[in-house]
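Think of it as A, B, C and D in the order they're written, each chain with its own count starting at 1.
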Amino acid sequence: MSASLAAPAPGGFGRMTLRLVLIGAVLLLAMLPALNRLPADSALHVSDFIVSITGKWITYAILALAIDLAWGYAGILSLGHGAFFALGGYAIGMHLMRLIGPRGVYGHPVLPDFMVFLGYRELPWYWLGFDHFPFAILMAVAVPGLLAGIVGYLAFRSRITGVYLSIITQALTYALMLAFFRNDMGFGGNNGFTDFKELLGMPLNTPTARSALFYASLLLLLAALWLCSSITRSKLGRVLVAIRDAESRVRFLGYDVTQHKLFVFVLSAMIAGLAGALYVPQVGIINPGEFSPGNSIEAVIWVAVGGRGTLVGALLGAFSVNALKTWLTTVAPDLWLFALGGLFVAVTLFLPRGLIGLFSKAPK
Amino acid sequence: MTSTSPTLTRRAALGGFGAALAMPALRPAFGQGTPIKVGVLHSLSGTMAISETALRDTVLMMVDWVNAKGGVMGRKVEAVVVDPASNWPLFAEKARELLQVHKVDVTFGCWTSVSRKSVLPVFEELNGMLFYPVQYEGEEESKNIFYTGAAPNQQAIPAVEYLMSKDGGEAKRIALLGTDYVYPRTTNRILRGFLKSKGIGDADIMEEYTPFGHSDWQGIVARVKRFASEGKKTAIVSTINGDANVPFYRELGNQGIKAEDIPCVAFSVGEEELAGIDTKPLVGHLAAWNYFMSVQGAPNTEFKQLWQSYIKNPKRVTNDPMEATYTGFRMWTQAVERAKSTKVDDVRAAMIGQKLMAPCGYEEEMLPNHHLSKPVLIGEVQEDGQFNIVWKTPNAVKAENWSPFIPENANRRR
Amino acid sequence: MKNLLLALGVLLWLALPARAQDAFTAALPGLAGGFGDIATSVEQLGALGDPRALPILRALQAGQLQKHADGRLLLPGNTDAATGQPADASGAETVRLNNRVRQALRGALGRLQLVSPDAAERGAAAEAIFRSRSAEDVPTLQAAIARETDAGVKAKLVLALAAAQLVAPDEEAKRDAIARLGAAGTVEARALLIEARAANPTLVTAIDISIASIERSLSIRRAAETLFQGLSLGSVLLLAALGLAVTFGVMGVINMAHGEFVMLGAYATFMVQEACRGIPWLAPWSLPLSVPAAFLIAAAAGAALERGLIRHLYGRPLETLLMTFGVGMILQQAVRTIFGAQNREVASPAWMQGTLMLPGGIAVTQNRLWIIVFGIAVLLLVIAAIRFTRFGLEMRAVVQNRRIAATMGIRTGRVDALTFAFGSGIAGMAGVALSQIDNVSPNLGTGYIIDSFMVVVFGGVGSLAGTLVGALTLGVVNKVLEPYAGAVLAKVFVLVAIMLFIQRRPRGLFALKGRAAES
Amino acid sequence: MTEPVLYLDGVSVVFDGFKALNSLSLIVDAGELRAIIGPNGAGKTTMMDVITGKTRPTAGVVRFREHDLTKLDEATIANLGIGRKFQKPTMFDALTVFENLELALKAPRGPFSCLRWVLTGEARRRIEAVMEEVGLASRAQDRAAILSHGQRQWLEIGMLLMQDPELLLVDEPVAGMTDQETEHTAALLVRIAGERSVVVVEHDLEFVRALGSKVTVLCEGSMLSEGSIDHVQNDPRVIEVYLGR
């Protein structure tokens, strides 16, 4: 990687201000559901729409954090992180489907509607256990982690880096998408999972459930932020940056690069999986479209826009790009792709350090 | 050709959203005399834009039409257009935005089943009203959705009956080709059940599914040829979706499959799709719909003129989902007039039993199951990309959204 | 010769019993009725073998036969079908067809055209009868065979006779009919035999022998056809990937908008076709013409992209990747705005339609065949450009050592622009080919981008040979797997296989050093 | 006679046809300081690549004490106690001088131990000591990217010291250094050589002389001559290929 890729965490200067801004933002977010409970005519009332959409953005932000950890710090540009996100989503989706139970259209006690429909007699083995929430959450973390472990091990061991890794991970998520589109896979094919009823006894699509999920996402965001920053501030973080900038030199210092990369890649995949697990109950649907390579690239672009190599940048990017997208798809339904595409081009060209580069002063 | 929604709408949308985001106090107060808002929830980008942009334009056309007539209940109708970009979760998000931020009174939208499934919970939670204009697999019934497209018994079964009739060529073997998603799966399941009841066994049924946008049909078409060469008259029933059709028909043509030998009846190929295909090799292949542009009669001429003058292109075709949108919109205006209100519950009550002389040349009625009674027409592809109607039901068929050929429907929850 | 045949035809007709003429006039009104009536009267007319029926049936087939409400029929040129007298066409409407009528027509015309002076027509007639065979055809066919001079047509007639004999009562005739059909070894023959099997319990053994022999020849043919399908898919991949092999393989630029350049090429084809519509003598050549057009348009777009944006990001392949993704979004939406979201129709010229029968009865679709040829041609063109042109020389020089090339007076910036334009132009040409098998829609490109990257990486970045071998291997493997695994799984398997392969040999099949190899 | 620390025998490396090393043999004893000279393309750097596991030899034996280096990867070899300084000084530009040294500091290298790592006062003292040694104490918090060439040389030497390896491979350490810096470096290396083995590759003969160590002359991938600096300088073959006019 050329030095130009190195966008370091903003040094002593600006860190304090950044932290203040961050805390302010978190507090603001934390207030949203409360404001939503205010009577609709009150001046401070926020609509459910804002709450649910912000909850969604938070999960995106977590995904962005995960990508930034791998890309911004360790220089692993995965174009397949959407796959880990989606797998986490599918895990929780399977749980939600199991919870529907006999309330499905065909009233089958166990089988989800689509299975009844495709003539399944009993539950496929890989669906067992998903009726337990803890198991589902475990899978939401473990499955992405395992997949990342296998792919990462094979790739890093044979020193596949940079563009090659990107292309392989992209092919990975593409292959998964094709596979999940097949109805015979037992994951509901193109329609995926929808019409969820409840989670942990809370009926979904109620303000209570929404704010609960919202806070859960916010907590996960903070946890992920804490985890990532404690990594990046540790010696491991410096090793990762070292790997990003001069991989072979790190080897000559006696560090097993494969191990370090694998560690961060798997961890990042797990975080992405959890994010997906919180995303699905909030948007109420998971289907193979989530695996589409475009989604993964977009997520990477959030990070690039915000400013990679800085955790705050990842968050900034995720929120700003998605807010822009939501706004434009309504205001300029025919033109928003121009705007968004233009933004991506402009940022990569003129803001190599992303939006965050505008705030923290560039180290020479 | 993507026509733009009125700037007024733009500003409304902008204001609405900004308000919702930042200063809720500014949300426009809602009351009598203010415009009636119609949400348009069709993909304008991504894979589904190919089919859905035309429907967006149809709704905008109807808005102009009704405003030209002085609006509904004397109130102006205003469209709020959003782009869910062929992204299913985005459909849900946009549905919520339309209902909560823009407070639309009714929404016209969705094409794919998955997009409908994705927005359904939102419409039920917020008690909105959605008009869904595309033929679909049935197995669904929501009090918040009006289905103005065909249910399986209004398209698939009559089509196969025709294939097995003397005029249709007395097919004894059926190849069911489809894109691998719920509509083809269901339809084919229903057809299997139906064919069994007509004494055609599994040995004489071939079922193949391909991914979306499948572009290499060489192998499958060759297999169909082989399947057809086993001594019984064979026909293809295609539930292949949008994009994959062009390569499929090209392959049919190039492998010399003539309609006289192996007729292919399609449920998702209309005039819009044919516009993208060189139809000469396809003459004689069939499609089953509830409307064809070639239908004779005043209502259709009116519809076609309205469309071509709105889109400012005398060559633009009309198709079945557009007709369904048109019919749905007109029934909605009738219902609002009758209910003297735009409240979802009132309009819903008023919708049931609404009648309209539809462009398809039959009187359609909104049934209590929120589906329409529709005629079934079968058309043969002609060189000019239009359909020559070779068979039609004597009168409109009542929709069965719960097919009797799916055993599970027996013990479904009501 | 011609006259002689006509005379023969007339003789045949005169030889018919007198009531045939009444039968002829009696059969006509049916043509004005419903599809059922039309079909029956068409069959009657065919059976009568009355030459007067020929123009009527031809008009019917061409959709030029008109009818009055009272049932009078009009031939083109407004002559009454029954009397041959001129009549007025006002209020007349065309007689419509359906598949049943078409089937009947094919048979009837077949019987009538057996006496046609034109060999091609007689051949068609033979095939038609083969399809709609009936016992009555036996004598007619025997007569036809007796007087047939053209060997090709004769062969067809013999098969048709066999088909007819199979449904005729004569046991002996049946036996050698079965043998002859078995020898023919076609799918159609097989169909007839299976059909006959149920009807003739006494002949089952003979039939089975014939069927088995057909099966044998078919299985070989199938293998050949699968191979061809694989090659054709491979050639499509090759075309899509060649441009990348240049931009990515040689320059190390990850262009996610590559697919959109392919799409531009397809739309260029569409535009050329529209431009040619007006000029009849040019129309059939619109496709060849659009090859250079597509190349230039895509190349121009490529040059603009390289000069305007990409060159600022050299040495930063990952940024390039993200940036070009944005460019792709813009291009797609731009095309959608200009041409509309609907598919555009690009017709195939006659010489690209239909199936070609290779020796051994291997059926090969024309358009696929041409695409294979085209793919190879483009490959050769690329190789030639890189090997034998000044530009190719400078390009290789810049790739190997930018600084030294510069010191030797090569304007590296210009070379970069040209190289990228060249690669994009090739993508454009791929678009011309794809317009023949796929949708011409704004999303055309997205379906191919990943496959092309896989081909390039699998084949070995920077190696054209690798791209060729890679593309063809993927194509064939895909097609061989398809019948067993289904289209989707086959593709998934291939993708996974490549991923594993790459981690075994990170540099691909044909490892080669390019600027990309270092990144 | 103690077991040699580094033992190369008949080592050959062939890059598509071109012999970079041609059955090279070399023995370095414990605590020995060895200078290696030779014209460009003599295979000096290739030799280092072979020892540190960057390049796999086509033939021959490479042993570090009892370990067969041809089987091990860079990291393992480094952890066995072989440190390397590159001809072109390479470090981590995004990190500060202090952080660069901290990474080099001998400590558990696994991800988890890196995560749990805390900078003990003892470690800090060692790092500061080395920074004094290489004269970068004042630049501790500057990013390596902004150091001058000479300072980068020093920093990399410092990193080498932090690893505290048993065998140091030093490739052209004094390029771009002032005279007194050069002397300082020489003294430093001599001092280190006490308890460790050091192999120095250098063009600067004055520097080599200052080391006052045994000298090996490489040429076309094999050993040409070996002995004291005076001995090799008078060796006609050496004069022929290297010093000659």
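Basically, a residue touches a chain if its C-beta (ideal position, glycine included) is under 8 Å from a C-beta of that chain, and two chains touch if they have at least 3 such contacts.
Predicted model only: the values in this text are computed from it and were never measured.
Asker: Which chains lie in contact with each of chain B and chain D?
Answerer: Where chain B and chain D share a partner, that partner set is A.
Asker: Pick the pair with more C-beta contacts: A-B or A-D?
Answerer: By number of C-beta pairs in contact, A-B is the larger.
Asker: In terms of CA centroid distance, which chain is the most far removed from chain C?
Answerer: For chain C, the chain whose C-alpha mean is farthest off is D.
Asker: State, to the nearest whole Å, the distance from the C-alpha centre of chain A to the C-alpha centre of chain B.
Answerer: Each chain's C-alpha centroid was found; their separation is 34 Å.
Asker: Measure off the straight-line distance from the CA centroid of chain C to the CA centroid of chain D, and report it in whole Å.
Answerer: The computed centroid separation for chain C versus chain D comes out at 67 Å.
Asker: How many angstrom between the C-alpha centroids of chain D and chain A?
Answerer: Computed value for the inter-centroid distance: 45 Å.
Asker: With chain centres taken as the means of their Cα atoms, state the distance from chain B to chain C in Å.
Answerer: 30
Asker: Send over the residues of chain D in touch with two or more other chains.
Answerer: none
Asker: Identify all positions of chain B at which a residue touches two or more other chains, and write them in rising order.
Answerer: Those would be 2, 44-45, 180, 209, 211.
Asker: Could you say which residues in chain A touch two or more other chains, in rising order?
Answerer: Chain A, residues with two or more chain partners: 178, 181-182, 334, 337.
Asker: If I apply the definition of touch given earlier, which pairs of chains qualify?
Answerer: A-B, A-C, A-D, B-C
Asker: State the interface residues of chain A toward chain C in the complex, per the touch definition above.
Answerer: My answer: residues 2, 4-5, 77, 151, 154-155, 157-160, 162-164, 166-168, 170-172, 174-175, 178-179, 181-182, 293-294, 297, 300-301, 304, 334-335, 337-338, 340-345, 348-349, 352.
Asker: For chain B, which residues count as touching chain A in their complex?
Answerer: On the chain B side, the touching residues are 2, 4-5, 10, 13-14, 17, 20-21, 24-25, 44-45, 80-85, 87-90, 92-94, 96-97, 100-101, 112-114, 117-118, 120-122, 124-125, 139-140, 180-182, 185-186, 189, 209, 211-212, 406, 408-409, 411-413.
Asker: Taking the complex as given, what residues does chain C use to touch chain A?
Answerer: Within the complex, chain C contacts chain A at residues 252, 254, 256, 309, 312-313, 315-323, 325-330, 332-334, 337, 446, 450, 453-454, 457, 486, 488-489, 491-492, 495-496, 498-500, 502-504, 506, 516, 519.
Asker: Quick check: in the complex, which residue numbers of chain C touch chain B?
Answerer: 35-36, 96-100, 102-103, 106, 131, 187-188, 190-195, 197-198, 222, 225-226, 229, 232-233, 236, 332-333, 336-337, 339-348, 353-355, 363, 365-368, 436-443, 447, 479, 482-483, 486-488, 491
Asker: Sort out for me which residues of chain A touch chain D in the complex.
Answerer: Contact set of chain A toward chain D: 3, 6, 8, 231, 234-236, 238-239, 241-242, 244-246, 248-257, 259-260, 263-264, 363-364.
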